Every structure is written in C-alpha cells, then in structure tokens.
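Lettered A, B, C and D in written order, each chain numbered from 1.
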Amino acid sequence: MKLPLKITSSNITILATVLLFISLYGTGSAMFDSFFSIQVFLNLFVDNAFLIIVATGLAFVIVTGGIDLSVASLIALVSVLSAVMLRAGIHPFVVMPSVLLLGTIFGLLQGYLICRFHIHPWIVTLGGMFLARGTCFLISPESIVIDNPIYSAISNFRIPMPGEGSISIGVVIALVTVAAAVYISRYTAFGRNVYAIGGNEKSSELMGLPVYATKLAVYTLSGFCSALSGIVFTFYMLSGYGLHLMGGEMDAIAACVIGGILLTGGFGYFIGPMLGVLSAGVIQTMIMFQGSLSSWWTKIVIGFLLFAFIALQRVIVSRRERKRNPHMPKKTKSSVPNIVQL
Amino acid sequence: MPFMSMFPNAIRSKLFWPAVGIALILVFNALFTPGFFHIRMQDGHLFGSLIDILNRGTPILIIALGMTLVIAKEGIDISVGSVLAIAASLAAFLLQKHVPFALALLAGLGIGVVCGYWNGLLVAKLKIQPMIATLILLTVGRGIAQLISGGKIITISDKAYRFVGGGYLFGVPFAVILAIVVFVVLHVITRKTAFGLFLESVGANRISSEFAGINATRIMISVYVICGFCAALAGIIVSSNITGADSNNAGLWFELDAILAVVIGGTSMRGGRFYLGGTVLGALFIQTLTTTIYTLGVPSESVMVVKAIVIILVSLVQSDVLREMLSRTFSKKMEKKVLVNETAA
Amino acid sequence: GAKTSETTTASTAPQATKAAAKAGDGKVTVGFSQIGAESGWRGAETQSIQDTAKADPTIELKFSDAQQKQENQIKAIRSFIAQKVDVIAMAPVVETGWEAVLKEAKDAKIPVILVDRGIDKKNEDLYTSFIGSDFIVEGQNAAKAMAEHLGDKGNIVELEGTVGASAATDRKKGFDDEMKNHPNIKIVKSQSGDFNRATGKQVMEAILKSPEGKDIQGVYAHNDDMALGAIQALEEAGKKPGSDVKIVSIDGIKEAFEAVKAGKLNTVVECNPLLGPQLFQAAKDLKAGKQLPKWIKSNEDVFTGQKAIDALPNRKY
Amino acid sequence: MQQHVLTMTGVSKFFPGVKALTNVDFQLRRGEIHALMGQNGAGKSTLIKVLTGVYEKDHGIVALNGQIVHIKSPKDAQALGISTVYQEVNLCPNLSVSENLFIGRQPRKRGGSIDWPLLNAKAEELMGRLSIGLDVSKPLSEFSVAIQQMVAIARAVDISSGLLILDEPTSSLDQQEVKELFRIMRKLKDEGMAIVFVTHFMDQVYEVSDRITVLRNGELVGEYLTEDLPRIELISKMIGREWNDEEQQSKVVGMKKGEVWVSAQQLGRRGSMEPFDITVRKGEVLGLAGLLGSGRTEIAKLIFGIDKADEGALTIDNDKIRTMFPKKAIEYGLAFCPEERKVEGIIGELTVRENIVLALQAKRGILHNLSLRKQQEIADHYIKLLSIKASSMEQRIDQLSGGNQQKAILARWLATNPKLLILDEPTRGIDVGSKAEIRKLILSLAAEGMTILMITSEWEEMVGCCDRIMVLRDRQIIGELAGNEIGEQRIMQMIAEGGGKNDAVHEHVS
C-alpha cells in the first residue's frame, strides 16, 4: 500500500491543518491553566461528535462538486421526530432505525431532484433545509424533552480513557464513521467514482462511470449521515427542537474546507472534515477559556482566527506549490535516438 | 407576448418562468385575497399590496442584483447580510453623533465598498474559496455591526435619511426608484461597456480569459465591490425604512433569499451567463410569495414549508429536463397522430 | 446592596469550597454562558452583568457567548467545569436538553444559577436558583392591559416572536389563556415577526391589507421592536396607533417608553434585563454557604400612560 | 455480411440549426482499421458520439454483430465492448494516471477492496507497453496533453474487446508516439479487433488504415479501400471539389533582414525554463522546434507574460519590459494562440462572436465597447475568412467541432491586428484543406509584414513556413537554423546530438 507519506499538493492542506491545530492547542495550553488536559482534548470530540459525522457525510457530496445545505436542518428534524416518537411511547430501537431511514430517504429525494432534473444542488438542498426546519415547527414549535431511560443511559454512558478522561458513545460512532469514510473513499469503486465525478463529471460520464447512480448515492449518503448525526446529537442534547443547530450547515462546510476539501470538487481526504471540526473546536475552546470577550468581540475574534487559519493554510500550501518543480520531463529520453533513426 | 418579444431568445426563456411564477401567485391572490390588487392614493402616495411588494422587495432586489454579478463570476457572497448591518449601523451611528446626512450616507456606502474589496481580495488574491472567504465576513461583520451600535438598535431621526427608504417621490416609494436606478446603472455597466463580456468570460473560463488579455483579478474584485456596495445601499434602505439600525437582525438570512432570486432568475451557480432582468423577476417572485404568505395569514409554523415547496416547484418548472420530458411525451402523441393520418390517407 | 456584603463574603469564603481553595485569593469566579446578542434587550443584560463584574474586584467573570446555539452553551459549561469556576450561571437558550451537562456540573460540585430563562421542570434539582421573570405572567399582564384598553371587546392582531423561542411560546400562552376570560376580544391574526422591527413592520403591512386586517382595534406584540415596526406600518396605512389601534408590547426598551410618551403605544409590560447585581449577589451568597430561594424574581412592572412617561428619564437601555 | 462487426444505417443527428449527420451509413469489419475522414465539422465526432451513446440519434439503426442495439450511454457502449478515445482528452485530471487507466474496473483484493499496489503495477505495465515510463501514481494534471492523450489511448486499448474508436488520437503526439500507437493498433487488428480511426494527417491514414469512409457536411460521400483511393482524390472527396498540390503555396526562400523587434535577454523562470536569449526580426517567420516538453510553450508564455519571468528582461521595440502581462503584450501588438484550446483557448459558454472579439475588446479596454454591429462585422469577416463552420455566430463555441474551435481562436487573435503573432500548434486538429489555407494565411500575413513565432510538431509545416528556426531541447535553446539549412533531417539531428552536454542540466532542472 502506497500511503501518501510524501508531501503532495493533495495532502498539504491536511498537513497544514494538523500543524496549525497543534500550534493552536499549544498556544491555548500556554495561555490558560487546565487547557492542556486530556479531558479538554477529549471534549473536543465529545462536544463535536455529531459535527464530525455530518461533515464527513457532507464531504462526499462536496467531493463530487455538489453541496448539501439541508444537513443541519435534517439533524434538527431527526431530533424532533425522535423526541415525538419517544414521547408517544415507541421503543428507542424502533425510533433509531426509522429516523435513519427517514434521513436516507430525504437525501435520496434531494439527490433525485438534483440528478434527474439537473437542478442546482444549492437550490434543492436550500428547499430541503426550509422543508426540514418547517416540518420541525409543524410538529412542535417548542422544544421537547427526552426522558426515555434508554436514551438517557446512552447519553450518560462514558467510556473511560487512559489518563482521567472519558468519551461518549457519540465519539465512538463518529470515529467509526470517519474510518468507514476513509475506507470507502479509498478502497471502493464508489469512493473513486466520487473523486472522478468531482474531477470532471463529463469525462466520468464518457469513461462509462455510473455518474447518475453515484451522485444519487452521495446525496443519499449525506442524508444518512445527517440522520446518524441527528441520533448522536439527540443523545447529546436529550431534546428535540426545531431551532437546534441553526446555521450548522455552515459549520459543517467550513469544517470540510479547513480539512482540505475543495468546494469545487475532486480533492480532499476524508480524515479532513474531522480535523476541520477539531480545529474550529479548539478556536472555540480558547475563546471560552479566555472568558472576557463580549458577544460581538466573540464573533469578531472567531472570524479572525478562522481567517488567520485559512490564510496561513493558503500560504503554506502555495509556498509548497511554488517550491515544487511544476515541470517534469515528460518523456523518457530513450525516444530521442529513435526519432533520428526515422 | 409582445413584451417578451423585445428580448433575444435566450433571455426570453430565462425571464419566462419566473414571470409565470409571479403571474401564478398573483392569479392565486386575485381569486383568494380580495383587495390584493387594490391601489389607492393615500397621503399623496400610492398604497396597496402591490406597492408593498415592490417596496419590501427592494433590499433583496438590490442585493440580488449585486449577487448576480458575483455568481456570474462563479463566486458567491454569503456576507451580504452582515455587510448590510455594518453599513446601516455605521450610518446610523454617525447620524446619532450629528454627522451631516451626506457624510453618514457616504460612510455607510463606503464601508460596503471596503467590505466588498476585502472579500474580493480574499477570493482573487489569496484564492480562498468564495463561500469560506465570505463566511469570514459573515461572522466578523455581524460582530462589527454590533460593536458599532453597542448591540442596540440605533434610532434614526434624520429626515433626509428617513426619506431614502421611507419617502415617496411622485407617489412612488423612493426606495423603488433607487432599485430601478441600481438596475439601470448595472445594466449600463455590464451591457454598454465590455464589463459584462469580460465578466461572463472570466466566470466561464478564467484561464482562457487571462490568455485573452483580461485582468481576471480586477474583474473578480470589482464584482465583490459592487456586491458590497449593493448590500450597503440595501442596509441604508432597510434601516431608513424602520427608522432604526438593528445590528442584530438586519439582513439576517438575506443571503439565502438573494441567491435564490439570482438562481430563479436563470443565472447559473456555475458562473458565466447572467441575467439581471431575470434576477429582478426572481426577487419580485420571492417577495410576492412572502407578502402573500403574510397576507393570507399562513400559520407561522408552516411558512417555511410553504416556501420550500414553492422553491422546489419553481425550479422543477424551470428545469430543461422536465420540459423536455413533457414535450417528448407530447410530441410522441403528435407523431402517433401524424401516423394515423398518414395511414388514413 | 452588593457593596456592603462584599467584605464579609471575602473574608469568610476562602475554605468554603474546593474551587475556592484552588483560587486562594478570595475571588468568586463566575462562569456565565449567555445565549447571544440577538436583541437590544439581551445586549442590556450582558452589559449589566459585565459592568457589575468589572465594578466589583472580588468577582471574576468568565463570559461566553453561545451565538444562539445550545450546543455552544453545553460546550461553555463543560469548559467552565474544566476551569473549576465557583459558580456557573447561564441564560439557557431552550428549556430542554440540559440534563447531562448539568449533572456533570453537579458531580463537580459547582452550583448552577439560571438567569432570565428557566429549564424543564423535571430537572429542578440540577440547578440552585433561577433569577428572572415569568414570560407567561408577562403575557397575562399584556392581555389584561389590552382588555382594559379595548373595553373588553374588539379585534386584535398578535405579532409573535421567533417561532419556537420560549419567550414567544410563553408570551403567547399567557396571553391566550388570559384572553379566554375576555370572549368578546377576537385574535383575528397571529403571525411571527421574528422579534425584529423590519419583519414586524412587513407583517403588519400585509395584515393591514388582508380582509381581516381592515377592522382591528388592537395589536399585541411579543416585544417592543415588533410593536415599533407595527406602529410605522399603521401610520403609513393612515391609522392612528395608540388611539385607533391600541398597542401593547413586552420588554420595556427606552424607545417603547418614548412611543408611549408620543401617544403611539399604550402599554409596556416590563421584562427587566438588568440582572447583573442580583446574579452576583446570589453567587456570593452561595459561596458564603447561604441557602438561596429557588426563584429570585426580578423587579418588574407594567407601564401605562403617565406612569411610563414618568419612568422614561430613568430608563437605561 | 457476418464479418461486419458494426453496421450503422440511415443515422441522422440534428442539433438546433445544424444537421450534423444526415442519413449516414457506416460499416466496420472485423480485423480492420477504418479511417473516418472529413473536414472540420463534417460530423466525424458526432457519428462516434451517436454510436457510443453520448448523443441520442434522431434516426437510424445501429447493429452490432448483426443484432440491433440501443446504446443509451457510454456505459452501455463499454458493456458492449466498444471503447473510445474522444477527441477532447476525457479523463479526470485530479486522479492519478493509474486510476484514470483503471477506474471503473479496479483490481480487487479478496475482501473486495481496491488493490492499490496491483493497480499501480498493472498501470505501469500498461504504460510500459506503450513505451512510456512515468510515475503512474502522480495526478494526471501534472502531465502534458500528449501524455494525457497516451493515457486515454492506453485505457481504451486495455478496455476494448472487439471495437476500438480513436477520434484524433494523434493530434498532440509526436512521431515516436504515433509509431508506437500504430504498432499497437496493428497488433490489435491482427487479433481481430475492429478499429475506427479519425485523423487529419494524410500520411497516417495511408500508413495504417485499410479502408476509408468519407463524410462531408454530415453526409456520407462513400466508403473506399485505402489502396484504391489516391491521396489527391481523397482530399477532393473530403472538400467536395478538385484539389491540386499547387495550392500548397510555399514560402519565399531567403532570410528576411528586418530589424530586431522583440528580444529576450536571459529571460527565464526557475523550475520551468532555463534563461534564454532570443531575437525576433520584423516580418520573419520564426519557428521553435523541439520535442514535446522541450520548453517551446514556456518560451511563448514568458514572452506573452502569462508566466512571469523571474530573471532576465524582454525588449520590444526598444522598450525594456521588466514584468510582462497579457494585456500589456497585446498593447505592444503581441498575440498568442495557445495550444490547449479547451482550457486556455475557448470560453465554452460564450458564443462564437464573443469568443472572436474578446481579445480585441481586451485590447481596447473596458470602456471602449465594440457595438454589437461592429462585433458582428468582425465575427462575420473572420468566419468567412477562415471558413469557420458554425450554424450562426451566436452558436456556443463549445458546440463547434474541434477544428473550428481552433480556427475561432485564431480569428480572435487576427482580429487584434497583431504585429507579432505567436502560434502554438495552430493547425492541431485542422483538416487538410484548412491546414493549407492556414499555412497560406500565415505566409501571406508574413508577406504583409506581420511577424510570426510558430510552434508546431509538424516539422514539414515548420520547414515549409519558417525563415529561421530555433531548436530546443530540455528547456534550453541549443541551436539555430536559417535559410537553406532548414530541413527536417537537420532539426532531428540537432535535437539528437546538440544537447549531449545538457543532460546534466536536465537532471538538475527536474
């Protein structure tokens, strides 16, 4: 197996992200006591597990060159539906598969509109976003508490980690999702087709790849991941509410981009979204530890840290790109004498 | 359709469907909302639902016009709502500090230009992806607006400023006249100079355009600047209209409506060809829908669902594929008829 | 009253809790998780809390803005726990979903004070105290005022807050409940104006042009901003807000009082955001080992007519 | 009849305003190489796309091995054993070479997951069969068009079972690669494969094909055995009128002694071009000769300011220019017709008219808008001059046939009325008739005093046009030929010998 251990144009963003993440974490540890603790680090996962899942699913869509704006609303819808179903006394192990199925179908329908009628994904998924949110409010404008014992138990369950820390079930699901995504993207035909379509959809079509089916699958997968994320989120929140995760789609997209996934499609590693989420999480944690910023300064500082992060990333990446010799000898030299024989 | 025949084919087909959409909603209103079309003079100005649609539609319309150019360049600007809030807050803040109206107005518009320039730099020079580049200003901008206003709503008492968004000229809302001016100016810039051609060419293929001697960077920056300016102008109109600059809520989620208007108007998110006229119709369509929803008193909970369904229906109707599918089934029937006739003869 | 008690708490508190032992300098560290900065009202609340903390050297405030997101608040509380603050305070963005994280706080033996919004009743044991007003009561008060203005009869419009927000739901609930006692008053339209002025105005405009909107005598707005927007819409439609159409709103920002003075708004039901002093007093009391009441009510009032005009010079926000 | 692998009968395809194919018949036998010939826009690519399901045909029947088939997508075509190299390189630039070769049919491990080591090994072996050694794990975009073309061919060859279609595969290949390709084609033919081959190179047609079908204006002219159809007659059939070799106007021999107009002093760019000196005299036709990747395009890009030089200087008309950029170059009267027409040339979504006036408009500046009437005049003029085949000037340029797109780009630059015209592979994908016309045009432009810098892989063309030739190898200028020295043999010799000492440099650069 030839893992991309050398620095190439495609993994440089990831490396830059990791580098910046480490330095941010270092800065935080230097600035605040108790920042450098296992639990603060693990909390990055605990608090963002759902975001990791949804961003990873979204990444598939983005790599094909599409977008899915409905993800966060779908999570909210899943939370509301779960809450309502649980309140109605339906067993959790019925609730979970049914919301998963619902999310998947939701994604499938969006994908169908996009692929079959060539409507731009922005529009379809924007519609999907409104629809999911609106449905939440139709079901219940108020937030609904979940007091199902099984849900509470799962929610409160902590897996102890070495060194005085613990993680939640959600983290495990998130890590499994990321691992699965990395595997799918690299070791299955579907995964490779996703990249091909992002590289050049028309070429993929001409090469005889199942473009239609793949795109459909990608939106379906995104719907599935949103629903899965919705379940994890519901564990995390133990409530269903239509206003949950307002604007969360932007967080997910930003995580993908920070993690080196190109919005124009075709490039990026599936470990990236998770790194993106963690990076955004560190920024947020630093601001919380700082603890004296007013509301507006919080926004300004988050924005500028985001800017600094992305700008630095760009600088590192373009530096490397310039350094790399862009021109290779395109031919083996043996061809030269042959020509003379001609 | 004599109005439509004024335009070349491509434009006509782009304008057609949003126009039909608007017409459908209006017909719906004609049937179910008595008095929707009633326009009367009141205190020397026009008054009625249709005027409201125009009046309320202007901020989104102006932003969408700027957004059209950005999208034509294969970009996107999701920071417009925040820019709007900054411009409104700054202008209102200055007025509160007794800065003359003209200066405050200039400062408001100027900050919009600066914001646009910033976005343009990030996208064109630093080559950050447009959505993320403008996401930064989306976040920071709202914070800056709140910083300027201290998180409060700044009340505006300046008469001249109030006129911008709330006044009437010859009985027509002044904001509507402003929107028309913006449209005409942008139309002239893009169609009477080579800007439009360059923009479409950069949007469709940046590399080729640069090979042909077009300064793509400058074009890209200028569209963001124009978009920033439009957002700022919309901010002034919005704040003037409610005689207060609301840094927290002004322009929230405007970017979604604006982008929607652009796309309904036939401009592709993939860049290239753009249709300012289509955007106008798109924006009016969205506003007609919104006003109708409010007038009908659709329960607050279901507003979003209604909007979602309408959006999807409109884009379905606009889809070439669906039209082709329909026309094919139609022509097949025709073919059969011809065959039948032939055998009969 | 904060000034007088400060010396006593400072001297008696040190060994009271584990966290204080760590801090060792006698300071009370309070972590406050604010919802966001979505309205002037909340801005005033934030201001009050930050100003009070700044003016008091024995207080150390860890402020965190959640940007309207519950998950951010949960993260903030986790980070407060990690930082081992003395007291956690928060204005919860929603009522539900706090069980897990508040339990963590409880396990870490950090008391929790809720500010201006409550949480689900079932979790009462998870927090120590609630400081604030009651939205349902506000709604009821607004309804009573409205009934009085209208002489118990007429058509009214209700401008709701953001769909799903607890302030909107409760203010509606309180209002509607009370209106059951006034059967001759009809709510002909009820629409969301998103708690902001522009939407409030736009919704009001549309309502005025709808068939039901032709004959209305009252407008009830869930907050002042929407009421101010509605006033403009009414004026543009040639109606006289305040006399033709009675207006009642909640919150009590300065501009609303000015509108009352101008005769355009009839009643303002106050919802006091200046909770800083009450909050820190409670925090100090907790550290001093005192028992606190479960509900510390904020000082609030209903202002109509001359009473509002008299109160106007003292309004801070 | 049963040896017919493929029969297409009465195939028609209409685009809005264009009859791309009307009632065309086409037969293909087992074990033959069948050349599909015709002028630009004759409908060759369309026929192929109809066959492989890219376009839906309006009429006609397609039968494979005697059975009527309905091919709805390239996927169907592949499933039926038809594999195709389309005219425009159609691969995914973001994927590695090896993946491009095997995507859709990757080797699997036992668990079902993709076996990357095996995939890379197979890819290396496959490219090796075409005598191309390269790092197959690198993204395709890092390689030149030629390599990309070879990869596309390799993929098609490897997939095909029964029927292989190659639409202008040789347009960006050099002779060595073409030879290699032909060897493989012959081998496949011997194995019983049927091959459709489209090209504008007459020599290649006669070298490799067994049978020729000629299309003209979307209609079938006829099917012939290659040996029965003399070259002249083939051309006449393609263009629809008599053709004689005298039309191949030749240059006026004798070195022009114009003054030096453009010169570069130690102009270079790290990592892409060694510093070089070059002088261009007014009114001459200067050629840059070299193998693929020898740096000819780099010189052109540096002069035109698309790549920024990081050392040296450029002098035009005695003005010393430190930083060059395209707009400035155009103002100095330079024009650059790039080689990669799809990415660097056409602007697909715009119309033919807009594409033609673009550079002129850029030269005039944003404010001096050309009126629509003026634009139409210009477009009309050049469409006629270069006989560009388009249904109207308002047709989208990406709907034109490849050769006609190339002509439109040429028109774009001629419209700026340049003093120095840089042509990078100007006749790539252009049919014989037009090629002769373009050559004629180049010579007449030169005669009128325009200076031309020409890059072409067709040395015959270069020899026929140029007054002076600079020879490049490994990103360095290694020599110069002028006047009577110019000849194909001389150039090859120079490339083979001249650079011996440069091998070390070569290592250094890469």
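Following the convention adopted for this analysis, a contact is a pair of C-beta atoms (placed from the backbone, for glycine too) under 8 Å apart; a residue touches a chain by one contact, two chains touch by 3 or more.
These numbers were taken from a predicted model, which means no experiment stands behind them.
Across the assembly, the mean Cα position most removed from that of chain A is the one of D.
With centres defined as mean CA coordinates, chain D is found 71 Å away from chain C. Centre-to-centre separation of chain A and chain C, using mean CA positions: 35 Å.
Put simply, the C-alpha centre of chain A and that of chain D have 42 angstrom between them. Taken residue by residue, chain B touches two or more other chains at 146, 151, 300-301, 303, whereas all remaining positions touch fewer. Those residues of chain A in touch with two or more other chains are numbered 137, 141, 295-296, 298-299.
Residue positions of chain C with contacts to 2 or more other chains are 37, 43, 46, 163.
Going by the touch rule set out above, the chain pairs that meet are A-B, A-C, A-D, B-C, B-D. Interface residues of chain A, counted against chain C in their complex, comprise 32-34, 37, 39-40, 43, 46-47, 136-137, 141-147, 152, 155-156, 233, 236-248, 284-285, 287-289, 291-296, 298-299. Here chain C touches chain A in the complex through residues 31, 34, 36-37, 43, 46, 50, 61-65, 67-72, 74-76, 78-80, 82-84, 93-97, 99-100, 103, 120, 122, 162-166, 169, going by the rule given at the top.
Residues of chain B touching chain C in their complex: 33-36, 42-43, 47-49, 52, 56, 146, 150-153, 155, 166, 238, 241-244, 246, 248-250, 252, 290-291, 294-297, 299-301, 303.
Chain contact summary for the complex, chain D toward chain A: residues 54, 73-75, 77-79, 84, 86, 90-95, 99, 103-104, 106, 112-114, 116-117, 120, 131-134, 137, 139, 142-144, 146-147, 155, 174-177, 271-272, 291-293, 298, 474-475, 492-493, 495-496, 503, 506, 509-510. Against chain D, the residues of chain B that register as touching in their complex are 192-195, 197-198, 200-201, 204-205, 207-215, 272-273.
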